[in-house]
Amino acid sequence: MPASFNLKTLAIAAVLILGLLVPVVIEDTYIRHLFIIAFIYAIVAASWDLSLGYAGVFNFGHVAFFGVGVYTTALCAKLLGIDPWIAMLLGGAAASAAAAIVALPVVRLQGIYVVLVTFAFSQLVLQFVISQSQITGGTQGLVRVPTIELFGYNFLRDYKFGYYYVAFALLVISTLCLRYITRTDFGLSIRALRDNEDYSLARGIPIGLQRLKVLMASAFFAGIAGGFFAIYLRVASPEVFNFSTMALILSMVLVGGTSSIYGPVIAALVLTFISEGLANVNGLSEGRFMLVAVAMVLVLLFFPKGLISIIDRWPRGRGARRPD
Amino acid sequence: MDHSTHEAPLLEVRNIERRFGALVAVNDVSFAVPAGQVFGIAGPNGSGKSTLFNVMTGIPFGPSAGKVLLEGREIQSLRAHEISRAGIARTFQKDAEFGTLSAFENAYAGAVYCAGLSGAQAREEAHKALDDVGLSNDRRDKAAGDLTVFERKQLMIASAIAGRPRILLLDEPAAGLTRPEVSDLAELIRTVNGRGVTILLIEHVLPLLLSVSQHLLILNHGAVIASGKPAEVVRDPQVVEAYLGKREAAL
Amino acid sequence: MTMDMVSAILVSGLVLGSVYALMASGLSLVWTTLGIFNFAHGSLMALGAYFAWTMSDAAGLNLWLGAGVAVAVAGMVGVGILIERTVIRPFYDDKDILLITVMTTLAVMIFLEKGIQLLWGARLKQLEPLAPGRVNLLGTTISAQETLIVVLAPLLLGGLWVFLRYSNIGRGIRAVGQNPAAAKLIGVDVSKLFILTFALSAALAGLTGILLGSVRFITPTFGAEPLVKALIIVIFGGLGSLSGTIAAAYIIGVVEAVLIFFVGIYWAPSMLFALLIAVLMLRPQGLFGKSVR
């Protein structure tokens, strides 16, 4: 269908150009900051969608993988003096490793037990970080994390101009990678095992291995996002493990609709701005999370496929891969 | 059809057993399926037919004792997906599809993960399997969950044969079908068998079973009570008592 | 290792185990009856403690603590009914109810936590102990309040057991838990029992909060740590049975006390999790549980 293909290419090109133009048009540092934070959350939400939405693994430890990325990168860059760019990659790798540990029991469990183990894991990572305060800074967190440089360019200059492009590039690359993964045979197999476990086995799909892989892949992107978060804010604080952070990102996945990747990305952009906007309203800096909670319930009640589904009915479009 | 019964059997089940605590669901069952046959299995409800398929495929559990040999090779201790890849493709009575995947993707998954194909080859194999079962081209983009009951039966067979199995295990494929659809299914089973796929068929609908099987095995209380040519087996007094008697009474 | 140490470990394990048993039994009750997991259980515990504090503390209404307990329990029943009505009931017919209610009860947890913070502030609070003074238990001196917890927990849980076993409502709850469709057929008002069970579990959470609220400081996130421990317990014990959950609670309490003694409170949680993974590798269905989807 060349017509729709062209339309899609055009839309993607338009979004990319708009994204590239934002910091040229908008000089306000705070707005640029919001974009950067939104891009980071978008990566976390979209990668969560890979394991939760596509593979149907009840993974509620995703924000902990993000946190593992934050702390690994901060510690590697600050205490070990590793180049921050490399440290970000290590953040992704560490998150994948953490996911592998969680996957050990998770691939053998079902239903609610997967939720419980992943959730307990995320809380234990938090307790671990707080308890090892001589290294992690405990509840105070880790401050003055070294920041990135590229060809002698210092990213602290130009009102976050450079950071914006790094965040944008990370988001574009992650989104492309995630979309690519969902379109491979592997992507097909994880949707298959989400639909029907026993039938997957009967068609030769190794479900334990696929779950391990999908958890590691989805954690990797969250870890990289965490790494950049630490480098950009120059802080690693245990707040990243908060229930509030988790609720906010989960609401992005829900509002965007699971199994779509683009949905959570768009929802992350919108919700970050709304949430930050509300944070500036007097008395809502904490209260906004109550609104997030209400929004989550409302979406589940009235738009179980996500708000995006009103505009574009994803499941149909996606289910039909063109037979060549 | 070629009955090469003197060669080594394609599939052999030896003294297989499955216990759940004190309950013996499959009790010392042995049989051999020659290549190319349609091998029917019948028995009253709860006689252990589906459990037999479960232990042979390791989904969701293997046997407590005994051996399963595929072309002379022991497979009972392989993991479930490896058994499928080794060439045993099974279907289920219920939910035998990936509901949100398109019909094509259902067959494609079999071609990729069972037959180990990829890319164009896998797509070709998937389409060939869908052609074989006669699922029309314009239905292949539909989500499997949106297909009709009969189309889903076609699809479950297509996704199995797209994996190029040595043997196909059909578990009550006629369940939920209307009478004309059952005869279409019989035709489909003959077609697939005619393409060289050996079939092990569990079925409640006796006319179907008798019309397509070359061999019939009857289970009762988890044990084999008769095995042989279908026409002879159905006259076996033990079978009449255990299964057919009740069945006829019910009909 | 001296007898003193053994006694100290055992007593602190008993205190922990009692708190965990009270927490986890509410979760298990809701799971076996409604088939959902209530992530807001920890926040309900905190809310109960705040209710009691408001009624009884000098900075609040300054009434007798007994009034606080009564109002808190009544309040928790109300809150429980409200939660069941708004975020659980609408999804009973949904095939994804498990995943959806995990998310809605998480939302309730956030809502309560932030709501508490707005209403009562983030400052630490503490309840008057129901039982003041100190007591010698098995050669180890602990506060009378902790002793009260150790004594009350088995009484409350025993009461719960008797209620479920012998009262008509209790039998109804168990029938619904085993087979809701069949229970409906024989004329059990399933929907009423669901509300009742949830309210009962909320009241149990509130009571736990009150008991713990004079031993620890009450904060908006007061329930988070016990909730995580309760999670570990229900994973260990399997969610399927109340007795399995309670047994697991005491086992984990003692194991944690032993770990704290030998590796310190910093490493104990990680060790506990490592142990959990090890157990799950060997027995995916938990120590006592049947595998439940």
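Should a chain be cited, it is by its letter among A, B and C, assigned in written order, with residues numbered from 1 in that chain.
Here is the rule we use: contacts are C-beta pairs under 8 Å (C-beta built on N, C-alpha and C of every residue); 3 or more make two chains touch, one makes a residue touch a chain.
Please read these numbers as outputs of a predicted model, since none were measured by experiment.
> Find the most central chain, measuring centrality by the gap between its CA centroid and the centroid of all protein CA atoms shown.
Looking at where each chain's C-alpha mean falls, the closest to the middle is A.
> Of the other chains, whose C-alpha centre is the longest way from the centre of chain B?
Ranked by distance of C-alpha centres from chain B, the top chain is C.
> Could you work out how far the Cα centre of chain A sits from that of chain B, in whole Å?
Centre-to-centre distance between chain A and chain B: 43 Å.
> What whole-number Å value describes the gap between the mean CA coordinates of chain B and chain C?
Distance between chain centres: 49 Å.
> Averaged over CA atoms, how far is the centre of chain A from the centre of chain C? Could you give it in whole Å?
32
> For chain A, which residues are shared contacts with two or more other chains?
In chain A, nothing touches at least two other chains.
> In the complex, go through chain B and note every residue touching chain A.
Answer in residue numbers: 57-60, 79-81, 84-85, 89-92, 95-102, 104-105, 108-110, 112-114, 118, 120, 122-123, 127, 140-143, 159-160, 163.
> Which of the residues in chain A come into contact with chain C in the complex?
58, 60, 101, 104-105, 108-113, 115-117, 119-121, 123-124, 127-128, 131-132, 243-244, 246-247, 250, 254, 283, 286-287, 289-290, 292-294, 296-297, 300-301, 304
> Enumerate the contact residues on chain A facing chain B in the complex.
185, 188-189, 191-192, 194-196, 198-207, 315-316, 319-324
> Chain A touches which residues of chain C in the complex?
31, 37, 39, 86-87, 90-91, 94, 96, 98-100, 102-104, 106-111, 113-115, 117-118, 224, 228, 231-232, 234-235, 239, 265-267, 269-270, 272-273, 276-277, 280-281, 284, 286, 291-293
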